[in-house]
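Two complexes, one shared chain (chain A), two partners (chain B, chain C).
Up next is the complex of A and B:
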């Protein structure tokens, strides 16, 4: 593999990992607080669609992004109400939301765009950070990325700091591990969990917007194609830690990037097999390689006083 | 004993007063017309049996529940906490019966939870912990994780969590239930120090030794009502006990009384002629290692003769759960063998073990002892339901008839055999489980783990009666319990488990209490000589 090819591989790995990173960190926060957010997929799709429509209608991708963020919050609120207030089964309700969103966005997409499918939509710009971007070969291929990626990195670092050093982080950890202790210390488990689900929705909306107006500047039906589930898998693979989740997302991103790289290298592997690769990895990760004992103790269980 | 002591009421203004408090859960009155006063600097004990309303009272004070009638006053001002946060804000702190600590967080983080906003100052908190450790005698490593601490240390964390808030009222709900004897002494010492710093301490308990030792005043609850108060508890102890159990101490089963700490453990209590020198249960070198490779049970070897009751003592979590789980077939032993008479039971499934003649009264009756959603009758005959079938269909009338007879024999009180198991009280549930296991047709050995946990005095006595009766029929009995008094009064001989190993064995002689206590705390059997297998 030449250096050029390697740089392209690295760059596309990071690009493909970005939606997973954004959604995965949000999901991790939610799971640390004890809520399993299966609807992350639906939230991403909602945002991918809403931000695409917003950018197309206004001509401004930034407004599109804002519309995407705003559009996801009701979905996140619905999930929060179902899993905390109504104490519904979190897996079933999440999958229900995903199916609902898939249907709704497909329908709305056909209504709005109709014949103009694959319309070019104004997308978010790329930035090349100083110094890093000037490295020969690597610079443009790896570091010239959509600015949303850099915002995401900043958010991930911020999240890690908040979890480690603040009272909010402590409360989130305790809400997932021993919610009774949170309740008895005078904090509200319900409020913490609502907040975390809404945060997961916010991060998923960035991830969804990255897919449509960040990466390919268009919307296609069901374009998340399981990225939300991969984000959930990366949380498990990463053992509910920021660093681990980031590494898992990068691994899944690299596995996806191989789809485009191996044919370019002339390696003859059936394409379908390569598309399967990240999901296969996720299955191995969830099923066998990591134990479940690392999970927050009350993950998926609604809190009852 | 007096109803109220006029002189004291006048001299000290109460910190918190409850006036005719009533609390109902549905149609059940958990508390009715309860009035009491808590004064700064005193240790006020609340005494009562299980279900007398002690915990409900604490939860009202702490704002977990709200009263349906009556009023509370805090420093003379009407007080109705909207929740724990409100109570904490008023300076009321509570150590709950069940710990609420986050196991995978450090001591400091557990203390900080809910106390600080924004960025955490762990160093400052650790310094505060150090000061408390000196002031109250509560040493703790601030950076230790809760899951690595012993039960006594965890309780210290709970206490420190409260004290760091500098409360004016400190409530402890049955804090001594899980502690070793010397840990209890240390805890009472902490209570005394807290009270002498001008705070009011409420200590909920059903152990009289503690009341004698430390209480300034006592309020006795029975059936949700205040039935007695005393400002001189040590002198009034007999009257307080009578009020608590509504009857005569002398009339009480002597073993049950000793468990409550009411009476010394009876000495010459059992006719041991029933013990036949035939080995029934033989456990040989039983070792259990968990998935992490930690040894939970280490080379456990024990023989129980027919008609003999062997007690397994020890603080909970020292291998008792693993021992009973292996004996019941719910867990596979890493090494070792189990025989019942001639038959080898090692590695058999629970069904085969039951068929071989071992009855199991599990420690956690809700998780493994019964099916709470099924009827009482179905639960009593759970392991023999196929005897009540014809062509594969259940003969419900026959089942209910037989179950009704069992209910009478074992004094299980419920609406009827068709009542849902979960509608029964804890004592009646336990009697039903015991009835099922003890009436196994070929019962030769009964393994009973914590069989009286959470039961009131009457139910405790009934459980002991049934265990003794089975032993008189020649059944070998292995009684696992964390209540030393229970073992001393029921068992013939006691082995002590510590970190999965047998630390020693001796006859169940009350005079040996201190030796056994030392072994429970991990000291090897030095002065306990001989008598291992009398």
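Up next is the complex of A and C:
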């Protein structure tokens, strides 16, 4: 493999890992607080659709991104109400939301774009950070990325700091591990969990927008194709830690990038096997490749006073 | 099953039960929104409904096709209910259908079964589908026992893997793709031999109801009896309620989990085999096309009852057929049916708390 090809491989691994990173970190925060959102998939799809439509209608991808972010909040709120207030089964309600979103976006896509499918949609621009971007070969191929990625990295660092060093981080952790103690201390478990689900929705909306207006500049029906579930797997793989989740996402991104890279190198591997690879890795990951899992104590259990 | 819920009073039995009323209300509510959406799209509601009805009960063919579809949903739903009794959530129906279809095709095409007597020509491919699905389910069970992996995430990932495995099988001539005679050869398998196709109940292709129906009915009865009347059902329930206590009582957690998930997977595999041997005859990409999720939803809605699964499976089977016809005739995208389904699941998930409170009174 030449350096050029390796640089391209690195660059596309990072690009393909970005939606997983954004959604995965949001989901990790929510799971730390005790709420499992199977609906990450649906939230991403909502945003992928809404931001594509917004960018297409206004001609401005930035407005598209905003519309995507706003559109996901009601979905996240619905999940939060179901998981916390109505104490619904979090898996069932999440899958219900995914089904609803898949149907609704497909329906709306047909109605809005109809025959104009594959319409050119204005996308978010790329930036090349100074210094890093000036490295020969690696610079343009690896670091010239959609700016949303860099915003995402900043958000992830910020999230890590908040989780580790602030009382908010402590409260989130405690809401998942010892909700009764949190309640006795006078904080509202429900409120913390609502906040975390909405945050997961926000991060998933960035992830979804990255898919449609960041990466390929178009929307296709059901375009998330399980990325939300991969994000959830990456949280498990990463043992509910920021660093681990990031590494897991990068691994899944690299596995996906192989799909395009290996054929370019002339390596003859069945295409289907390569498409399957991230899911296979995810399965091995959740199947104990990382050792026994230490999930937040009350993950998936609604809180009752 | 209802006998356990009653607190000694027999009067409760004949009053209106919320567990029945709420799903009906949810379906009604979702259907209303569906009608609203049709109006919003700009299709005359009357035309859409006419197309829907025509697609569901308009002809003998559409009735049989709807029932065949319902059979697949019901089998996946039965599996869900069975595993759920042990507090396990099998969301891997899609992949289990896919591997069931693959195995059935492989045996039907390459298993030298077409000459066998006594119906073995189609029974063996069917069993192959069951075994493949059971293995797919058992993988999740073993992961759960060995590593504590939540079966929701493992069955879901196994689903994706199964679906891509299917894609691989029909893309590769070394596997199940039919011989490539030209570059235009479709990525699908050969048609299975006639002997391996499921016999039709009436022998008439205008009413293609196949032998899967009696099979599904027998399975429904067996599962209902196993769950409510046998030690096995009690074991599943015990493990579901409290695995630690069940273990103390001598019920093996590992064995029960493997049994539950392998059975659920096997039923999914059977659904895939029936779809292939009874209806589609050639294996194609996208073969499972959402059947696993429809079956899952049927299982979810049933709230543990086998009769409930049958009702929900029939509802969805006919709804899908109606939806497909609506798209062809009245130009209403089938996605509308998906929206309605999503609404039903969300409403019921949200109402579970109220149903429980109400039933306890």
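One rule holds for everything that comes next: the second predicted complex is superposed on the first by the 301 of 305 C-alpha atoms of A that agree within 3 Å, B and C clash if a C-alpha of one lies under 4 Å from a C-alpha of the other, contacts with A are read in each partner's own complex, and residues count from 1 in each chain.
To be clear about the criterion, contacts are C-beta pairs under 8 Å (C-beta built on N, C-alpha and C of every residue); 3 or more make two chains touch, one makes a residue touch a chain.
Nothing here was measured: the structure is a model prediction, and the numbers come from that model.
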Chain touching more of chain A, residue-wise (chain B, chain C): C
Which of chain B and chain C A:276 touches, first, second, both or neither: second
Which superposed partner A:182 touches (first chain B, second chain C, both, neither): first
Partner chain(s) touched by A:268 [first = chain B, second = chain C, both, neither]: neither
First (chain B), second (chain C), both or neither touched by A:171: first
Chain B versus chain C as contact partner of A:91, first or second or both or neither: second
Chain B versus chain C as contact partner of A:229, first or second or both or neither: second
Chain A positions touched by chain B in one structure and by chain C in the second: none
Interfacial residue positions of chain A with respect to chain C in the complex: 38, 78, 81-82, 86-89, 91-93, 95-104, 106-107, 110-111, 226, 229, 232-233, 236, 270-273, 275-276, 279-280, 282-283, 286-288, 292-293, 295
For the chain B and chain A complex, residues of the former touching the latter: 64, 83-85, 88-89, 94, 96, 98, 100-105, 109-110, 112-120, 161
Residues on chain A engaged by chain B in the complex (per definition of touch): 165-167, 170-171, 173-174, 177-178, 180-187, 297, 305
Residues of chain C touching chain A in the complex: 37, 41, 89, 91, 143, 146-150, 152-154, 156-158, 160-161, 164-165, 167-168, 171-172, 293, 296-297, 300, 333, 335-346, 348-353
